[in-house]
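Each structure below is given as structure tokens.
Two complexes, one shared chain (subunit A), two partners (subunit B, subunit C).
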Partner chain A sequence: MTLVFKNVTKRVGADVHIFDTSVEFVENEFNILLGTTLAGKTTLLQLMAGLEVPTSGEIWFNGNNVTGVATQKRNVSMVHQQFINYPHFSVYDNIASPLRVAGFSKADIESRVDSVANLLKLTPMLKRRPNELSGGQQQRTALARALVKDADLVLLDEPLANLDYKLREELRDELPKLLSDRKCTVVYATTEPTEALLLGGYTATVHEGQITQFGKTPDVYRRPTDLETARVFSDPPINTTKIIRKDGLMVLDEEVSWPAQGAADGLADGAYMMGIRPHFVTVQPTSENAVAIQGRVIVSELSGSESVVHFKLGDLSWVSQSHGIHAIDIGADATFYLDTRHCIYFGENEKLMAA
Partner chain B sequence: MNKKISNQKAWWFVAPVIVLVAFNAVIPLMTVVNYSVQETFGNNVFFWEGVKWFETVLNSERFHASLGRQMMFTSIILLIEVPLGVAIALTMPKKGVWVSVCLVFMAMPLLIPWNVVGAMWNIFALPDIGLLGRAINALGIDYNFTSQPLSAWFTTILMDVWHWTSLVVLLAYAGLSSIPDAYYQAAKIDGAKPWAVFRYIQLPKMKRVLTIAILLRFMDSFMIYTEPFVLTGGGPGNTTTFLSIDLVKIALGQFDLGPAAAMSLVYFLIVLLVSWLFYTLMMKDEAQ
Partner chain C sequence: MRTTARFIPAIYIFLLMTPIYWLINMSFKTTNEILGTFSLWPNEVTFDNYITIFTDPTWYNGYFNSLSYVTINMLISVSVALPAAYAFSRYRFLGDKHLFFWLLTNRMAPPAVFALPFFQLYSAVNLFDTPLAVALAHCLFNIPLAVWILEGFMSGIPKELDETAYVDGYSFPRFFVRIFVPTIASGIGVALFFCFMFSWVELLLAKTLTSVAAKPIAATMTRTASSSGYELGLLAAAGTLTIIPGAFVIYFVRNYIAKGFALGRV
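Right, the complex of A and B next:
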């Protein structure tokens, strides 16, 4: 199903929740809304579901304007971050509930519930009640309820956020497979850049009530059209600094500069904002293009296979992310290596110049 | 070898509780038990009577009549207050400035002392000078709560509903506001009708608080004394003489300590039994 937003604005009182958003989601694909908490992801989903009505602008499904159409008539389904099931229904009745409301025959309901339950590995639990299930199973039940009615549009609002790590990984693997052979457009909201990359598909980055960029997930990641998109789509946060291009050199400060090549080659001389993702700032050089910079270590975190070091570069807070375990003293001056091939350059208006 | 460690210090921690419970529960209750098996003619002289007073009370038509009135009264006010309270809670605003306004208005009757409620309604309902009494009579209905049993019942019930429905409202409202918005959204997406939302989301989620509301209203109304005492004094005749009023008449009016004590114990056991039954039945589902 096609889903188009035309200049949609949503105000609640004096607050602007969504501002002048126009976007055409990709039909029958995984569309990811990526943004921090309160960026407006949930409002966007609620607008799609018809739970909220836009203050101005239009929403179109399959070439029909559905802006004022009631939720019940939209054939959408939704899964929330909290595990929402009817507390006094068995798993079977929970999954069957949307079909019963829609007036399906008993035999039809049974075969559909059975097949969805089988798909989501819920068959042994059909007789139990939601509160007798683990979090993962409760969320599977909610997913089954969303899938069973063969909705044209499936909305997933951070469905994995309340699950523990292992279940989250498991369900994240299954989700795209479950949804790919159904003819439905999926919109999936998440706060985690890594999750967006793992799920693939298309990503819209949401920041302060606006979609800053929409495109294939790897493209948005590699070529963020503005600094805000790069910030949203980076975890740990992307490092930024002012930089000057002068006489074929990229000049960070009096001591650090490197020849303008690769992405920076085509740039004109002048002042730019530079962004570089933390895993291209490492404690050991990873390529011959690496340039050494000095910083004072603030925080050093070790996680299994990598070291994350927060340091001060002048007045700026930067993050370095390196493979392996590197013990670094807090408060010490340390050398970091910046892989200049992966710098992204933005103009002073923070729009992308070169990546 | 297991060696039992003896440590008697813990008694000091339990002692305050034991003293407290002894003074506010065990000692008064035992005094009543003591009275209930003896007869006295004053001067602190007591004679052993065994279970005689219990037999008297259980066979007494007067006790049966007050118990009947009491059960009737409690059933009626529960049937009115619980659905009404839930209905009001459902119509209350969920957010915004009106929430606190509504809550304050709702809490107001609960803050008024019981005897004041009785006195207020007494004056309010007087057929000659009270606003309510005059109004009802002006409608052409013959109404006088001091002389007609039906009017007296009507007034007593109205007073109790006015005084205590708020409690059910507040509890039900608390239950309702603990339901996340996502439940309503999910129901809307499923296309559930308002009745289904109430039946399958709101009611199950309110169950615990409603159980508590019903229990509190049962216990309080079953022991009601002050308000009807001030309003009708148990009259006209005995028609609004509920159990506590009757008990006070026997114990302090007639000074029949033995029968009054036996009646208190029977009364206490009824409240305990019904509350226990109620709670067990309501929570049976939860335990499964």
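Right, the complex of A and C next:
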């Protein structure tokens, strides 16, 4: 049950929405499309569903070439970011609709709808209309409709983005459980790196119409193959700077340098791009390998358990993320500590050199 | 303060209702009483005017004719406008915006401009003096209006609804009839109402394109004098009856009228 893209491109007029993409998604797993808004996640999902036809290239599913096959003839289901239900149908009829279209028997429909409704805690609302439900319940209805027909391919387009925080967490916990005992490939689009990490599975990072990397979620996170992937897969944004390796030292500027060890050990002397995630840049040293740098504070945000401090490092805007509350005045000069073991090094072409 | 707050709308409603009251008042009077005395209510209530209208074919056929061309027009306009509005709302094609605007330009010429060509054309194809002739002529301004209203309502429905339906297995025709049309039912109601309104009040084309067989009620009413002199009571009764269908139709779309006047774009 694999979904394969072979050199797929999508152009609309003169605009390229998807550049040449070849990827093989993993069957019966969570495949996450991670990228910012307008990166092309929705277009990729539409291509998978058959709602859009690729300009060139082929899409294969379960060993069949499905390029150009109508959506109705594919066994897919989809949930959108907006809560999309049929407004004049009751919740029951909404969930039953794909089965009715497929010509299931009445008894069969009833038992399937009941079990899915039970799973998604919709049983008390079956007689109501979607607009009489809360946002969370509306999205559950949409999910129920997607799950009821045992699709081979389930496409979820930021399904939790419009829900409030608590509901989002709740449903995010439930989703993998709901889908785990089903034989279906799931493709889940999200803008949030945290969500990708929580859901696990496999992740494809999408940037400006291209899949920059595809692999197991933790691998993509730990070893982004290029700087763009690292940027997409980091929230707050990853800090980057130019750095020079010289005589066994990593030299940031005249004052700051540290011995090249760990990931940097095997690198040759020369110029590199360095990336470091904000939580390895802290206001207090977290390890012996911490190197102190000086920055001028632009903004500090407190979230209760964490402090996020934006600061200027020379000309660069950097972000530091530390535990606890550290209110630092705007414009103040402060010392931050880099945990140099966690630096990721890229070549000048922004491809991964060492992580 | 509270009295003023009630007083002002009371005056407003009073002024608004006066002509309508006067019309109804007159419809229950005899012509002699209308011409002879000034009375706030009928001194001698008579139903003769209404009885005449409901028994005399020249009168009740007027209503029948008007209602039939209005109904035909509403059906044609909305059923043609539905697919057109869907195309404008969902697809991008060459010149779509120009075509969409061009539709509205049909409303920019006074109907009198079209009276002569329609008259000539319908006479040639034997449509003259039929309800269908008037219904088709009114399509000239009602179809563009219906397209604009429906397009507004349709664009308020996310296209993800269409996608969800296709993913669920609905074919396009089935989706359109079973899912989409019920979803924009209020928009269709508003479009029907506006078609009704413009067709019901339009007099010039309706009068030009009919003579005897399909004569609309408004044309009958404008004959103020008959063989028996001025029949003001009768005309008042006819006027009262002409208001009723409008009041009846507006009841069903009362919550959506404002959106309709904004052509569905709120």
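We adopt the following convention: the second predicted complex is superposed on the first by the 355 of 355 C-alpha atoms of A that agree within 3 Å, B and C clash if a C-alpha of one lies under 4 Å from a C-alpha of the other, contacts with A are read in each partner's own complex, and residues count from 1 in each chain.
Here, contacts are C-beta pairs under 8 Å (C-beta built on N, C-alpha and C of every residue); 3 or more make two chains touch, one makes a residue touch a chain.
Please read these numbers as outputs of a predicted model, since none were measured by experiment.
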| item | value |
| --- | --- |
| Subunit A as common anchor, with subunit B and subunit C clashing or fitting | clash |
| Contacts of A:Ser300 with subunit B and subunit C, given as first, second, both or neither | neither |
| Subunit B versus subunit C as contact partner of A:Pro98, first or second or both or neither | both |
| Touched partner set for A:Gln46, first subunit B, second subunit C, both or neither | both |
| Which superposed partner A:Ile84 touches (first subunit B, second subunit C, both, neither) | both |
| Contacts of A:Thr241 with subunit B and subunit C, given as first, second, both or neither | neither |
| Shared subunit A surface residues [contacts with subunit B and with subunit C] | 46, 49, 51, 71-72, 76-78, 80, 82, 84, 86-88, 97-98, 101-102, 142, 145 |
| For the subunit A and subunit C complex, residues of the former touching the latter | 46, 49, 51, 70-72, 76-78, 80, 82, 84, 86-88, 97-98, 101-102, 142, 145, 149, 155 |
| Residues of subunit B that touch subunit A when the two form their complex | 180, 182-183, 185-186, 188-192, 196, 200-201, 204-205 |
| Subunit C residues within the subunit A interface of the complex | 158, 160-161, 163-171, 174, 179, 182-183, 185 |
| Subunit B partner contacts - residues on subunit A that touch it in the complex | 46, 49, 51, 71-72, 76-78, 80-82, 84, 86-89, 97-98, 101-102, 142, 145 |
